[in-house]
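Look at the two complexes coming up: chain A is in both, with chain B in one and chain C in the other.
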Partner chain A sequence: MGMTTGGVPFSLTRLLIVAGNTFTEAVRQKLFNFLLLLAVALVASAQFFREFNFGSSELKFISDFGLGAMVFFGSTLTIAATAQLFFSEIENRTALTILAKPIWRTEFIFGKFLGVFAVLGVFCALTTLLLAGLLCSRENSLMALHPDAFPGGRIIHYGDLMAMGMLQWLKFGVLAAITLLIASFSNTNLYTVVMSFFMLVICHLQYLAHDTYAQVASLPLRLLVRLLGYVFPNFQVFNLADQVATGVGLDAGVVLRVAGYALAYIAVIGGLAVYSFRNREI
Partner chain B sequence: MKFKLLELRPLRVGTVVVATLLVAGWAMRPLENPAWQAVRSGQPAMKLDSLQGALGQGVTVGLLGGFRAIVADFFWIKTNSVWSDNDLPATQTLIKLVTAIDPRPLYFWQNGARMIAYDMPNWRIVGAGGYDVVSKAAQQQIEREQSAVALSNLNEAFGYHPDSVLIYVEMANVYLNRLKDVASAAEIYHKAALQPDAPYYVARIYGELLRRQGRNAEAYAWLKQLYPTLPKEAKDSASGRQPTAKPQPSAAEIEMAMAPVVLERIREIEKELKISKNQRFMP
Partner chain C sequence: MTPSASPVAIEIRGLTKDFPLNLRGIKLRAVENLTLSVPEGRVFGLLGPNGSGKSTTIKIILGLLEPTVGECRVFGVPSGRVDSRLNVGYLPEAPYFYRYLSGTELVRFYARICGVPRKRLDDRVKEVIDWVGLSGAAQRRVGTYSKGMLQRIGLAQALVHDPRLIILDEPTAGVDPVGSAEISELILKLKAQGKTVLITSHLLAQIEDVCDRVAILDRGKLILEGDVNELVGQRDRQALIVDPLSPEHLDELRGWLASRGHALNAVEQPRARLDQLFISRVSRSEKGGQK
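Up next, the complex of A and B:
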């Protein structure tokens, strides 16, 4: 499969058709509905769990709980849905039919990605709006009960909350691209899911290795860890949730940088998934 | 030869993937670093050395990211559960774990220190046979050991809450109530009283601790300079003077400041120091 497929130029329309089909297939999946329901239920129940809060303020607890649910179920959905939607095409042999037609593997991979990304967008939008509604309702009640505690007006910056929802969506995009990269050379769905979860953990914890090995005396070991740090994206940069319900606003510059970081990684890892998939015998 | 090249294809693809990611990671440093610094400055770092004893939880906590505060809350419930069973090692480990997971809430530091300094000596003495069996010297030794652990934890808290008045007060109380070390307690209460957000009682207690040490002259000087700063009932309406533009303190604030009590103590010290009437403090 070369840069042209039977002389057919690259087509955005074909890519969007693949994306549309992937989206429809994903929404029909029980897994998507189940995880969405679970996440929505957990976010909605945040206010009932607030009795368990000891350390932080009530609004911060609800915000942490809601965003935590979004991160947890969103990551699970990203990995499971991406792997499932990719391998359903391979296992049902529909990939052979599709790729026998004049369609680029780039269109196939990025179509799959866009379909999953759209599903994740729906997931993030729903959970973020629900969380914002919950926080707004509770903040209104608290402001009526304890006006002295809100001398500067509202504590929650709802624009920041939306920005957080968007950043999580972009992070799931990077994770979906990683899952597609693994799927592009993997033979089984299970291997892809397990490896993607490992990658998720590594990308979340790579900064700890960085910090720990920065003090190691051995120069080769320090260099090795530094190089490994370059290979894996740092998912902790998306963790701006701590500042959402503290009354301290998010820095727009930081949000833009993180968004740029995610988009650049999506492009690079997506490109690598295409490269790897083009070298694969189906 | 062709067969061998095909065999090498996965290796070639893998090398290209890793090399590209390496270059991309290096090229994206200018985007990542400022964002990462901003994220780091907004939240205290996870203390890896404290979490090593609980590797499973450490991984989970890192993975869940946003659940950090909630995970700390649930571990705090667990801490209370083992605390009610008088399980010293588990309680002490869990206090360390909770404050490592989420060091931001003062609540965990304060209550953890109270468990260690006030409850644990009792558990250890009862465990060693009870207050009648364990000698006074041994009891004091146990109290000193537990206080040292609590004070060390509270010192660590300053890393996250620099010059926190409540942490100073907690430390001073351990010196005062557990170690009966009035001088050290007074010194720490003094530091707390100098903080801009110190509650009124802190300065009053410092004055009292000076008196308890017999340092009446110092206590007198301290209370004399404290009294004018305290909010008091407004006398403007009674004297017929125009009300000042300065915002009037609330009734609750006046009550907490307890200016009449401070004045009463000043008078007591004047008597003790035998200060003549014409040299007495005139508010």
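Up next, the complex of A and C:
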């Protein structure tokens, strides 16, 4: 059963095999199970606020609380899982064995990314569905207790909540790509985690610098801030939670633009990670 | 047989590898101007003390490192190219595999990466696991394997795509004498199948038993290369092993040899090798997976 000689084309199958193995590893990690349980517990704890009986504003509170838990623990899970799943290959020397096979490093890196992305997808799907269940249950109770507070029917847009969960998933995808880029040239897991959290803060707060310097700074500084605004993705664009629980609803065009924004950053940052990893000596 | 008499599996020409140590440009030279050919179908031993450049050379052959100067080809293909690894199986030193997979899952994973056709996948995985003697432990998590079992599952993943060249980096490191002897047996079986094997080991007795040809590296430089028999054989001497002789018969034999111009240089009692004695007395407890 000798293999054929000749060039080895890029293979989506190999990439998916690496992704599947990465997903298996992540699912069997206690860290993943722990964070998942914690996030589920936090979302579920939002149900206890029904004792306050806020009326319709209570639903917004539960929604914000649940989405906040998803963002906080999802970000932690993204950075920890991506760094761990990459460095476990380097530190356990399994990278030596797999890269000694006929596989492109591009397939390896994007396989690792897709494996982590799948884990994050499961996390976001579970927490979003749980949150939707909680909101629906509470909304039914409140509608029965205070029908006058719901003159137009249901307040929560459940489709928008699902879209919100998907957008958070894409944001975590961008963060995973950033973490993978840092890991591709970093020597230690710790450095990768610290730098990735630093980048997370920058990406969340860069809009503040943009708004401030757009008004007061000189032209060169304004241009620099604008340039940095393109280099670092703006994570505030994913923050559409206010429109979910206030009856406003999400604009489909905005959702699609934000999704495209995330995918573009994933492609570019993932490409940079591949370029960096191709030059890394294992 | 000289290397040039058979097709070449690995061709290394003027290979030098430097590792930068700091930002001031100070470098560590791991391999220096190495030229080496590994003929196809032979078992080739790459020897040397720790830090002599063996592992660096292997990593360059596998495309994991780029040479600083020189070139390396595997079956005629530059080693930096992905297709140079199509016909190569590799067992790393002290292998750590995915601990959360079972033996079967692990070998299946590498088989799929190597492109083993789906319809042959299950049969081929079972075949190599049987071949390395791990069928009884195939469903157990790799994390529960002993060192000897890890080496054997490592050998299975290296062989699953039926490569023509197998590279074994310290395959017996940390393995007991019984496990080590079994790995030697497997290497000889691979040789009988016409495979090329490149092996590094500090167990020189094992190298002598299984290798046709060796090269010795020291501080990154090639200091000796040749066929094992030519390097260690004493062509001007012979050993005769006979039943015990009485002192009178021994004197008679000495006189008979002297009358024909030969000297009896030594009279010794042959000794069995300690590893052979050990193997003959210790049962193979791990075979089939019973630890």
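Here is the rule we use: the second predicted complex is superposed on the first by the 267 of 282 C-alpha atoms of A that agree within 3 Å, B and C clash if a C-alpha of one lies under 4 Å from a C-alpha of the other, contacts with A are read in each partner's own complex, and residues count from 1 in each chain.
FYI, contacts are C-beta pairs under 8 Å (C-beta built on N, C-alpha and C of every residue); 3 or more make two chains touch, one makes a residue touch a chain.
Note that the structure is predicted; figures quoted are calculated from it, not measured.
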Name the contact category of A:140: first (chain B only), second (chain C only), both, or neither.
neither
Could you look at A:272 and tell me whether it touches chain B, chain C, both or neither (first, second, both, neither)?
first
Once the structures are superposed on A, label A:33 by its partner contacts, choosing first (chain B), second (chain C), both or neither.
neither
Based on the superposed arrangement, let me know which partner A:93 touches: chain B (first), chain C (second), both, or neither?
second
Between chain B and chain C, more residues of chain A are touched by B
Applying the document's contact rule, which stretches of chain B touch chain A when the two form their complex?
9-10, 12-13, 16-18, 20-22, 24-26, 28-29, 31-32, 34-36, 38-39, 42-43, 45-46, 48, 59, 62-70, 72-74, 76-77, 102, 104-105, 107-108
For a test of understanding, state which residues of chain A touch chain C in their complex under the given definition.
1-8, 11, 13-14, 17-18, 21, 24-25, 28, 92-94, 96-104, 281-282
In the complex formed with chain B, which residues of chain A make contact?
49, 52-56, 60-61, 64-65, 67-68, 70-72, 181, 185, 200-201, 204-205, 207-208, 211-212, 227, 229-237, 239-243, 248, 251, 253-254, 257-258, 260-261, 264-265, 268-269, 271-272, 275-276, 279
For the chain C and chain A complex, residues of the former touching the latter
59, 62-66, 75, 77, 82-83, 85-88, 90, 92, 94-98, 100-101, 109-110, 112-116, 120, 124, 154, 157, 161-164
